[in-house]
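Each of the next two complexes has subunit A plus one more chain, namely subunit B in the first and subunit C in the second.
Up next is the complex of A and B:
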């Protein structure tokens, strides 16, 4: 079985051949298997956005290849077009892409571009709105009458309705309130569980990443700096800090406790898990 | 990419041209363009071109950037030159090939037109290269301020122009973002006939309009918060003052006009047989 997404020796330069030439991504290699849930973290301007814009052929690599489901997306026009449907890309603030007069039509935009029959489009719209938490009574409303959080759900449903094999979220919870963040994280997790498709999340929030993903890719200075499991990456906290990143706050708390001499584990990345460990420790009676 | 369009192509510098009063620069650019079209023969034309060349050298703008400003009009240039070569007849015949006849007068007119257009482009580019868009609108506002007598709100118009210029790069960025988002949903912007392509623009145009209105509201709100109530009673941070160098430039331009008139009288027009 070929991997869902494979990036080989990817290099992308902006304004090549001019003195202003900048490599936004240099010699990147990534393989993402089907069904994985992966986080991409990196400092602002590290090349994350350039990287993910290659996943569905919005940018053409200066060097290297992008394989979606084993096919080079730049091998033919057909393959490029298919990559748009196989890899769903949900940009930052996706609510600004809404344009139709009803929510239903807007969610149907992607499937319509896939030239699906109308009953299939309808099925997908209903399915996607359920997954994204868009209430049925909203479907006939104008997307411009909805609240910010609702708009974002509609936009996400619009991508989900294409039923992509790989779904990429760029900063999905940017600008949302704590409840909105929590709901969105749950939504992504439920989507991954239910559909079994591959999910990639780009985020600045280490807490969100720790909660959601199994594997983390760190992008720094236009190159892949780390690629490993959550515990592998977060155990290198000093390196992360030098890249302007961080580990989740709870991990930091446990590292300090350890330094103070308490017998605590260091692989704590979520508050829930941390709370359980602390309870255990208190149960045993605190001892140095 | 759309980003490559340079607008408000200011090139920072401290040259004589940069330090000139924008009002004088506007007036003199317009003045020289008029003189350019008054010139009737090569001697007069070359005088204007020469002064433009000197100004361009004085401006400290790299010649490469000057050439870049000519590039967009290259097609127009070739087109007018071709029309002039083939449709103006008179004088000695250089080449005759079926219906195509190239005559001395045709070649002369073509060269004349090319020099004239290039000089025109360089002149106007010099203005935008050496003046920031804000200075330009400021200058324009001051020049048009006598219109206030006719109850035309010159300061409001100038503010609108400044804001419009300021938001062009922002909007270009926005268009690119929306285009990418819709392309990711499989929007096809490249194929299809004219009507299909026009239709394909709706998913880009609607979000663009929505976000522009949002930005406009936010900006209006921010301006109100900073007590903007229109131009009445507003003072300026940068006062414009005419100095000696502005008058020297004015004098040079007047001298060019005098020279052009004299050369016109002496050598006649190349357009007459």
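Up next is the complex of A and C:
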């Protein structure tokens, strides 16, 4: 089985051949298997947006190849077109891109472009609405009458309705309140579990990344700086900080205890897990 | 208690509905709030709770539908007073890219005082001071669009400071920033408050930022539902969750372990845990 996505020796230069030429991504190699849920982190300007814009051919590599489901997306016009349907990109603040007069039409826009029959479009709109938490009674409303959080779910449903094999979220919870953030995280997790599709999440929130993904790719200075499990990456907190990143607050608490000489685990990324480990330690009667 | 800088007395605010004949939409209901000179106040609340409306009333972008907003003795009931108020209270918004007007950092910071008709030599002095206060002086000749998000937000803050405002209102200034950008902006805000005595009103969705304030105001459905120190507000974990908010991870961890709910920061959490772990090294 071919991987969902393969990036081979990818380099992208802006303004190539001019004195202003600058490589936004240099010689990147990434393989993402089908069904994985992966996080991408990196400071502003690190190159991660340039990177993800290659996943469905929005940008053409200056050098290197992009394979979606084993096919080089730049090998033919058709392959490029297919990559747009196979890899869904959900940009930051996607609610700004709503434009139709009903929620239903907005969610149907993608499947319509895929030239699907109308009953299939309808099935997909309903299915995607369910996955994205868009209530049935909203479908005939104008998207502009919805709240910010609802609009964002409509925009996400529009991408889910294309039933992409890979769904990339760029800062999905930026600007949301804590509950909105929790709800959206749960939605992404449920979507991944239910559809079994590949999910990639770009985020500045180390806490969200820790809760959502199995593997983290770190982009720094236009290159892939780390690529490993959540524990491998978050155990390198000093390096992450030097790259303008961080570790979750709870991870920092355990790192400090460890530094003070306490025998606590370092692979703690969520509060619940940390509380469980500490209860074990205290339960052994080693506490005061 | 020091002097009041911003006073909201029985303030309500309604937005006009888009459709004709539809009733106006209430955003704020009977708000009473005093912000004192030199305070650092964080405003929390879920999306749509009215906190951005509150922020815009404080610097007279909006006038209240009912009630009175008074800033340093000036009532926000006319265009003229609005201008006076905006010289005292500056605002920084979420998206750094929407706030930069010039092609060189120092020109951007000079934009405000130039519009106020300040003397060129005085502008030079203010721009230099303002950039130094947010640690962006070394970037004064750079092009703003090439800066990181955190750097751009600090330039926007410097632009407000160069107008010598008494108060800065920041509406989710770090929502679009990476972790380091958030830290840089928070450090700049704290420094301005502690060292220059500038009053800060910070609207945010990040609980770890609100922890750094002197006082936390929590809003829901257009009303103020809590107004106290961060320690008191964040110790009410269920209350915060019920209002779509959260508490810092350090607070949550200690609470789960029945170690109390008054822990706010990483430092406090670590020493609390060390005390119960005792000699278990």
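One rule holds for everything that comes next: the second predicted complex is superposed on the first by the 285 of 288 C-alpha atoms of A that agree within 3 Å, B and C clash if a C-alpha of one lies under 4 Å from a C-alpha of the other, contacts with A are read in each partner's own complex, and residues count from 1 in each chain.
In this section, a residue touches a chain if its C-beta (ideal position, glycine included) is under 8 Å from a C-beta of that chain, and two chains touch if they have at least 3 such contacts.
If you're wondering where the values come from, they're calculated on a predicted model, not measured in any experiment.
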Exercise. Check whether A:149 is in contact with subunit B, with subunit C, with both or with neither, and answer first, second, both or neither.
Key: second
Quiz item: Looking at the overlay, what does A:162 touch: subunit B (first), subunit C (second), both, or neither?
Solution: first
Self-check item: Contacts of A:271 with subunit B and subunit C, given as first, second, both or neither
Solution: second
Quiz item: Between subunit B (first) and subunit C (second), which does A:63 come into contact with in this model arrangement: first, second, both, or neither?
Solution: neither
Quiz item: With both structures placed on chain A, which of the two partners, subunit B or subunit C, ends up touching more residues of subunit A?
Solution: C
Quiz item: Given the touch rule stated above, what does A:114 touch, subunit B (first), subunit C (second), both, or neither?
Solution: first
Quiz item: Inside the complex, what are the residues of subunit A that reach subunit C?
Solution: 42-45, 92, 147-149, 171, 174-182, 204, 206-207, 241, 244-246, 248-250, 252-253, 256-257, 260-263, 271-272, 274-275, 278-279, 281-282, 286-288
Exercise. Can you check the complex and tell me which residues of subunit B touch subunit A?
Key: 177-178, 180-188, 202-207, 210-211
Self-check item: Residue ranges of subunit A touching subunit B (in the complex, touch as defined)
Solution: 53, 56, 58, 81, 84-85, 88-91, 94, 96-99, 109-110, 113-114, 144, 158-159, 162
Exercise. Flag every residue of subunit C that touches subunit A in the complex, lowest number first.
Key: 45-48, 94, 148-150, 172, 175-182, 205, 207-208, 241, 244-246, 248-250, 252-253, 256-257, 266, 269-270, 273-281
